[in-house]
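Dropping the structures in below, format is structure tokens.
The two complexes that follow have chain A in common; it is paired with chain B in the first and with chain C in the second.
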Partner chain A sequence: MICIDAKKNLLKEISHQAMFDVSDNDLIDLVKEYDSFMKCVAILESIETSDITPLIYPYEIETNFLREDCIVHETHHRDILKNAKMTQDCYIKVPKVVK
Partner chain B sequence: MEFEQIIGLEVHCELKTNSKMFSSAPVTFGKEPNSMMNEIDMGMLGTMPVLNKRSVELAIRVCHALHMDIDEVLCFDRKNYYYADLPKGFQITQYRRPLGKNGYLDIEVDHVTTRIQIERLHLEEDTAKQIHYNDYSLIDYNRAGIPLIEIVTCPDIRNAKQAAAYLEKLRQIFLYTDVSDAKMEEGSMRCDVNISLRPFGCDSYGTRTEIKNVNSISYVQKAIEFEAKRHEELLRCGKSVLQETRRFDETINETITMRTKSDAIDYRYYPEVNILPIHIDHQWVLDIKKQLPLMAEDREKIYIEKHGLSKREAHFIVSSKEISDFYEETIQFCQDFQKIYHWLSGEVQSYLNNHHCTIYQTKLKPIYLSQLIQYIKEDVISSQQSKQVFDCVMKEGKAPEVIIQELDLRQILDSDVIEEIVNHVLDVNASSIQDYIQGKKKVIGFLMGQIMKESKGQVNPKMANQILIQSLQKRTQ
Partner chain C sequence: MIQYSIEELQKLFQSSSFDKENYYKEVFKEAQYQQERLNAFVTITKNEAYETLRYTDFDLALGGIPYVLKDNYHTKGIKTTASSRMLEDYIPTYNAHIVDLLNRQGACLIGKASMDELAMGGTNTTALTGPVSNPWDSSRIAGGSSGGSAALVASGVVPFALGSDTGDSIRKPAGFCGVVGFKPTWGRISRYGLIPYASSLDTVGAFTRNVRDMAIVIEALSGRDDKDMTSSMSRVPHYLDNLDKNIQGMKIAVIQSINDEITNPLIKTNFEKVIQTFQNLGAIVSEETIPLKLMKALHPIYTIIANCEATSHLACLDGIKFGYRASGRTIEEIITRSRTQGLGTSVKHRLILGHLALATENQEKMFRKAQKVRRLIVEELNRIYKDYDIILMPNSNTIAPMLSEVTEYSLNEEKDILENHLCLANFAGTPSLSLPTGFVDHMPIAVNIMGRLFEEQTVFNCAYALEAALHFKNQYSREG
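Let's turn to the complex of A and B:
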């Protein structure tokens, strides 16, 4: 059983990796959601699947469709850029993280 | 104890398509940041990636050129990581089933041919371009989604020279198959180096380090040389090499730690659920092979065996695809292969070096070069005049014929006219005749210079020389 502080730290770490800001207040609700989600995971994990081939697609079919190399340039990029918190000279500005 | 270097290379190459790998946004370079992307590239909810046919065709061309087995079922996977260069939080790639497997490339270093086995070639999408400043980064998603191929060698490379030869030859394949402009300086071809050392005779591998994103062939060589020396120094001191990812700092010619194994990323690969397996037509794969253009080594062979060029001359021409293409176009008008080579390796190459441009960026056309060679052959202009005509062609882009007329450069071939000029020169240089009588043969060179000056370089030098000697003999009898 993971203690509440450990859960908070885990969720903080995951949110940090996913680059989300999470406040302490958010964490209280997130821990509840985490508990409920992990109960579902426990149910799934209890199912015996060792000899079952994973199903990747709802339909086990192959396609042969490939898109022709044509440009359809729509000018939605300005709308897309509105999602950015910060911009500079048309660039999206983010905190520096070098990987 | 002597150590052996074990090197494997991973090369990324951007494919020359009009639109992106999974979206119809345009593929561009140097445009306004974030203006060449759409909802699919940004991974917005509700969008679906659809694979670009041309990207598959170009990747198959490279598979054929590298003698690979081709998987005719295209399967894609998600490589998950959270980083600003991919807004989706994952990159679409081929992890389980690469398009090509088990290929090879023969390289030649110091007259020794070595076969480098190629493990895999897979398709994936490029990431965004990032510019890092002290406390923030700027992101341009125009590059996100451009089709890439990644080619991974087996650990068959044994030194920096072989690595450079492999990269040169691979770059040549990208250019000759016309799949990419393969400009390392612009990032359309990038290389990661894996290197480890082991004592000669040892079967097992040592701990390897990876050097990421090296962006020139000479930097790859320098990075390998530095890293091999660093490993060797550690091993000789009884220390161990850490498994880590490093980068090459070209300002100090050294590699620097980026992350160690403990920080290694778990990419949690899993099948890309939005793209069903795609079965590609077997006949299409065969047709692509049939239509494959001639590679550099095929052209080199033709230039030696059919055009009579030496290996060195043929190698010079094929070492640049553009020069080779220009040569191929020129021989449609003129079959004087040797003369074409001399022009391309001489005046043309010198012009390209001085002007930092490629041959197709100049005003020279294959037909102009063939005409220039023909006019010299027919004695319409002298070889000296041809250089003047060449300079004008490069400057003004006019046909040689027009330039010859405009500058009145046509050679004087009329022997009476030449004789008149020769006699005039002898009349005003009487002392030279005395020198000639006294056996000073060097005077002929001086008199020829005066004749060329008098005729403004227009007399045919061969005829002028003959008439000069005849006239001197007459005057001394």
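Let's turn to the complex of A and C:
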């Protein structure tokens, strides 16, 4: 049984890895959701699956092959950059990484 | 009047006495009226539609037929928000494959429909633009996540609309709104240009007001697309031409572990009436069973797989390349703030828990385990399909809930089987259609008809026969 503070610390860490800030208020709800999520995990644990292969797609797909590496469709960078909030020349602008 | 079916419009457009210009004027007037009542649109594309109509060939299969897209389909030059602040001003540079197909066949897009944020939800109450109301009673929800599309067909604004279905996101709102909702076989229709939620479950599908129209729409959208490696190469039948009400000898299974869960006596009576109707039509209806332990695992499997896949797919929502961008001193700060401010609470929680289940130390115990139990359930379904053409289920245990009763998304591991059973078709990838079968407390209810992989025709025929026997086709509600 994990204590509430340990859960909060775990969820803060996971949220950080998933690139989210969580407020203390938000963390209260998130802990509740975590508890439900872990009960979901427990329900599955009670089912025997030792010789079972994971099902990744609904059925064996016939189209699982590599296609030729050739250009079939192009989008001009000018169009793509229209959706970026900060641009400079042909680039998306972000803060300096090396100061 | 504008509430015509696709087939009716096809005939009217061929008639010289039909005033197309006036028809579209009425369509947009009605769209505005229903928007004020239902809040089902994110964008009404009136200018683009009139531009399209200048060049429309009304002799094409869907020439001039108005339709609506769920706002998670990419539309070149038209805002595509997925009802999220993160994509509030995102304007795609390309069309989804199905949009190109509909353009080529002359269909006319009149708007983008509201949805639960990024298709995560079953109520259509988490959209950036607010909740969508049910056309039959505007104090109730339309259902989700494709609630805007369902409401716009059910209120009569358009004869068809597209949705997407990951767990039941077309079929549940179709049942709540009294229209036909269909998800075909996974791989039958290309998903290129659909903003993904969980790619092993996501399916393109549609809403119509009758089965014949559904056959037309699905035939128009189906087929191989090289841009989607999961789209099937199998031949697309002529669903409309092959529609057949004769279902003599068709074998239909009902699942005891699902039926036992019906607690609403009126819905139970309606379901029994449907079974009797099928028997009167010459079908052979028998009871089968799936172990209760597996049925209780439906919600846990869905939760874990969908959250994990979403975590992976939506990592691109970082505020750098497109979408909402918060300020920050470093790239990491920009991404974290953009994701925190740009995504709603329920989406954030799903992505955080998905991240947890994908962590190296948890992956086997959570994600892989869910995939293994998914296989056990699909094997159960395949066992049933060895002896049966169709699996018949009630669509829901309830009518559409009141808006005031719906709480924001929260996980509940003990959800009723009848709130989650439609995801069986997503687990197995099978075609699944929800058909209106009556009313309870003046609200529509439905059944669900699920067939074998790529046997859309059998599903359509079964639904066509039932629709003809029950007379709930072409219904809509302008008021309420």
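In the analysis below, the second predicted complex is superposed on the first by the 63 of 99 C-alpha atoms of A that agree within 3 Å, B and C clash if a C-alpha of one lies under 4 Å from a C-alpha of the other, contacts with A are read in each partner's own complex, and residues count from 1 in each chain.
Definition applied: a contact is a pair of C-beta atoms (placed from the backbone, for glycine too) under 8 Å apart; a residue touches a chain by one contact, two chains touch by 3 or more.
Bear in mind that the values here come from a model prediction, so they are computed numbers and not experimental data.
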item: First (chain B), second (chain C), both or neither touched by A:L55; value: second
item: Contacts of A:D69 with chain B and chain C, given as first, second, both or neither; value: first
item: Touching partner for A:I47 - first (chain B), second (chain C), both, neither; value: second
item: Touching partner for A:Y91 - first (chain B), second (chain C), both, neither; value: first
item: Chain B or chain C, by number of chain A residues touched; value: C
item: Contacts of A:C3 with chain B and chain C, given as first, second, both or neither; value: neither
item: Partner chain in contact with A:S36 - chain B first, chain C second, else both or neither; value: second
item: First (chain B), second (chain C), both or neither touched by A:L11; value: second
item: Common interface residues of chain A - those touching chain B in one complex and chain C in the other; value: 17-19, 56-57, 59, 61-64, 67, 72-73, 80, 92, 94-95, 97
item: Contacting residues of chain A [partner chain C, same complex]; value: 11, 14-22, 26, 29-30, 32-34, 36-37, 39-41, 43-47, 49, 52-59, 61-64, 67, 72-73, 75, 79-80, 82-86, 92, 94-95, 97
item: Of chain A, residues touching chain B in the complex; value: 17-19, 56-57, 59, 61-74, 76-77, 80-81, 88-99
item: Chain C to chain A touching residues, read off their complex; value: 90-91, 93-94, 186-187, 200-201, 226-227, 229-233, 293-294, 296-297, 299-301, 303-304, 311, 318-323, 325, 328-332, 334-337, 339-340, 345, 348-349, 351-353, 355-357, 359, 365-366, 368-376, 378, 410-414, 426-430, 453
item: In the complex, chain B residues that touch chain A; value: 17-19, 24-26, 32-39, 42, 44, 50-56, 73, 82-84, 89, 131-141, 258-259, 265, 271, 273, 276-281
